Amino acid sequence: MEKKSMKGYLYLAPALIIILIFTIYPLIRAFMLSFMEDYNLVNGSYKGINLENYIDIFQDRHFIKALTNTGIYVVFVVPCSIALSLIIAVLLNSHIRFQGVFQTIFFLPYVTSTIAIGIVWGWIFNSDYGLLNQLLSWFGIKSIPWLTSKQYALPSLIIFSIWKSMAFDILIFLAGLQTISEDLYNAARVDSTPRWRVFWRITVPGIGPMISYAFVMGMINAFKVYNEVYALFRGKNGPAGSANTVVFYIYDKFYNQSKYGEASAAAVILFLIVLGLTIIQRTLTGKKE
Amino acid sequence: MSFRKTGAAILALVMAASLPVAAFAEEEKTIEPTEVTFWHGMSNTQEQVLTELTDRFNEENEYGITVKLVNQGNYGDLSTKLTASAVADELPDLAQAYNNWLTAYTDKIVPLDEFVENDFDDYEDLVEGYRAECEQLGFIGALPFNKSTYVYFYNKTMFDELGLEAPKTWEDMLAVGEKFMEEKEMPAFGVDDLAGFLEASLAQNECEYASDEGALFDNEAGLETLEYIMGLYNNGYARLIGEDDYFSSVISTQRIGGYIGSSTGVSYITADDFELGVAPLPTNKKAAANQAGTNIVMFAQDENQQAATWEYMKYLTSTEATTEWAMKTGYLPVRVSAFESDEYQSFMADDITATAAYSQVDAFFPAAMFEASNAVRTSVNTMFEEVVLDELEPEDALAEFVQIINEECDVE
Amino acid sequence: MNRKAGNVIANILKYGVLIIGALFTLMPFLWMILSAMKTNAEIRAIPPVFFPSKFSLENFTTAWKAAPFGRYLVNTLIVTVFNTIGVLITTILAAFAFARLNFPGKKVLLTLLLATMMIPSEMLLITNFITMTKLKWIDTYQAMIVPWLASVFYIYLLTQFFAQIPDALYLAAKVDKCRDFKYLIKIMIPINKGPITTITILNVISNWNSFVWPLLVTNSREMRVLSYGLVQFQTEEGSAYELIMAASCILVIPIMIMYLFLRKYIIEGVTQSGIKG
């Protein structure tokens, strides 16, 4: 790469200006809000500048619950979605019939209405006549109250979210796979290299940047999970709040309870966690490269 | 500072500031032609009727006032938009709102005390419960508009089959629940608004709910109420909404004996294969029924705009307009004289929902309003599901409710 | 092991996985279309019925009449087209800078930008709304277009693709005295047609479906967008799901057509690229 110059900023300027005004500035405001006790958004009054909001949310059992739920959710959803999407993308990219039809179908969740998706999954998870329980009954597993018990609400959300985030991952992986040179595969075929080796030696490194992208984006989006909860539990956060997440918590504090300081404090905490993880991820992959 | 105190202080300030208006009202009224913006969250039929009423006002008013209706989505959207606009100081002249949306910007509300005193035909004619709600901020902050109440919708065909009458008391509730469980293995009750149900049940047992001082039902009456509620749920007489979306769907598909919900919800019940019955809420020591629906709140800033807005508010709450509104939308009239009008009486003769609603009009009460009331509402709803799912004993359920409310109110 | 038999088993597995996956993916979409043709009673039936008793388009006409969808469609198109063009410009330029140019503070800046994605966007709404009122942009197209003209999400995505293009190509261009901008236009963009089309589709969809922000910054019916048509059928007490589904279909159909049309270009764009290792 060439030597450093300021020219990069010329190319960045249009994007940076928009981001500065409409993202960074509101972010800084939110950050400041998080230190203001009893902040009133309308008249700008507050009791004092301190850590009261942070203390409050960490003493709030709903927040702790939301935080642990979100953590568990991320750990399951991100790797599962990437692994499954990778398998499907590789299959779609191999020489199969109806390739176009399959590709179109796997893209559909992206355009289907969230309400429809929520209803259908409600039906899949239904304890009495749901598809999933019927499937499980073939293996002798008793019907599980997926959406109505505190115990299974989070697992249901995780299954649903893995399905939902796959559409995007598949799309990205496919775009990546198609940039891998056919020659590499041909060479492997001549050497009759086993398939799994081809997968690990050619495919995975070939779309390495896409996997790393999907991982970072998946993690960021998983930490921000809100729509999935809303769709699956019809606008609520699960039975007795058992599928509450940090962003659901923030949204409720902000819009329903007008507790702007606490909502901002929760957002800052979320921000710090994801930022920390992203930095770790970037240093790890950075060393590999 | 408590809510009421803030309200009173603001009222004093505003009264001082608006003295010229009072003097002015004595003279002959003149309003310059102007446009009044009204933000609402009504859709479908409701929006059509509102448009009809408003068109008529625009044509007939003598001052050349034009009211511009602006639909801002559903209540959630409207509330968000109002908050954002309050921050930007871009509020409309008039908007539909619940009191608890306004907690962050009560100082932007135009107190209506002066207007009511000088230029309103009969304030006492407004339903008492509604008036109480409009005065919750410590001054008259609104006029009632699209009001409703909670009633018990039930499957009359099933009730007849089991030889049952609609429950009138708590004892009846438990008896009906037991019979349904024995004969049909089906719950007889569901509740759309759990926190509202707790509040109403406490009121029916002459027990207070909550205030800035925290939970007020950590006592004998409170325990009796929880014994009743947990008796309904722990025995399977009542169920949570669970996998369904609204109880109106559950009753439509005949999977429940009945449910307690807003009287306007009747339009979402499809009673094709059974007869629908509607009853007032059960009573215990006394009658108490939640009222629901929004009020109209004035934010108009200059004097002329306020006067014009007030004309429209008077019009919407007039006996004629509120009667027509109620008959065409299924909401309730806001005036006693409207309920008693021949027109509405003959409408009610064929409308079982309106009849049931009207029969408890003296028992209407507004939801408690205090600084943490929104947070308490959210937490109580969650806790209600929790105590039901965990099948807690009444004592433990009571303790949980009290604790969570006190936490939200910052009371030890 | 017999190689042929192994292939058959592999094929069965391959198609099995794909078909099961496809069914799960297809179902909500089918459900949406079928539900749009059901009656209210069929929508609520327990256990659920998959097919309506008769395929009627009545819900579509009811939904269509409930709102001036024609006007909404025009507004949505205007917002989507202008925003997407803008997004492509900012994204391509920024991604090129990150992937190809060297400038001080690059790593820090990229991490910082990534970090901005971590705050839920709902937190930013009110501040941005105030900015709009200060600019006197309420109820205008620019209020719906300008705040979303740059997306870290797409910049990061395209950077990943740009970074994959071998350095050799760039150096060769340099030797030919090809300037950076010309290199970007003549080489980088054609090679990355596929990812750029993907970004276009993603951005069109997010514009198409965005709901909260357009609702917040518009007031008059003349300025509302298509997604607003959905709100008519949801209330506190109940929802007319059959009409919501019909309106959802109306919303989705144009996107589907666009996708089916563009899909060819994605594949073409990628396969035609001159990079073969």
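We just call them A, B and C in the order they show up, numbering each chain from 1.
Keep this in mind: a residue touches a chain if its C-beta (ideal position, glycine included) is under 8 Å from a C-beta of that chain, and two chains touch if they have at least 3 such contacts.
Quantities reported herein were computed from a predicted structural model and do not represent experimental measurements.
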Open item on the list: Let me spell it out: compute each chain's centre from its C-alpha atoms, then which one is farthest from chain A's centre?
Closed with: B
Open item on the list: If I rank A-B and B-C by number of C-beta contact pairs, which comes first?
Closed with: B-C
- [ ] Could you put a whole-Å number on the gap between the CA centroids of chain A and chain C?
- [x] 16
TODO: Go ahead and note the Å separation of the Cα centroids belonging to chain B and chain C.
DONE: 40
Task: Sites on chain A at which at least two other chains make contact - done: 41, 255
Open item on the list: Where in chain C do residues touch at least two different other chains?
Closed with: 46, 126
Open item on the list: At least two partner chains per residue is the criterion; list those residues in chain B.
Closed with: 80, 83, 87, 245
Open item on the list: Looking at the complex, which residues from chain B come into contact with chain C?
Closed with: 43-44, 70-75, 77, 80-81, 83-85, 87-90, 192, 245-246, 248-249, 252-253, 255, 261-262, 264-265, 267-268, 270, 272
- [ ] Give every residue of chain C touching chain B within the complex, in rising order.
- [x] 40-41, 44-46, 66, 125-126, 129-130, 133-134, 138, 212, 215-216, 219-221, 228, 231-239
Open item on the list: Per the contact definition, I'd like the list of chain C residues that touch chain A in the complex.
Closed with: 14-15, 17-18, 21-22, 24-29, 31-32, 35, 46-48, 89-91, 93-94, 96-98, 100-104, 106, 109, 111, 113-120, 122-124, 126-128, 131, 146-150, 152-153, 155-157, 160-161, 163-164, 167, 180, 194-195, 198, 202, 205, 230, 241, 244-245, 248, 251-252, 255-256, 259-260, 263, 266-267, 270-271, 273, 275-277
- [ ] In the complex, go through chain A and note every residue touching chain B.
- [x] 40-43, 60, 62, 122, 125-127, 147-150, 234, 237, 239-241, 252, 255-259
TODO: Flag every residue of chain B that touches chain A in the complex, lowest number first.
DONE: 76, 79-80, 83, 86-87, 103-105, 107-108, 240, 242-243, 245, 374-375, 378-379, 382-383, 385-386, 389, 407
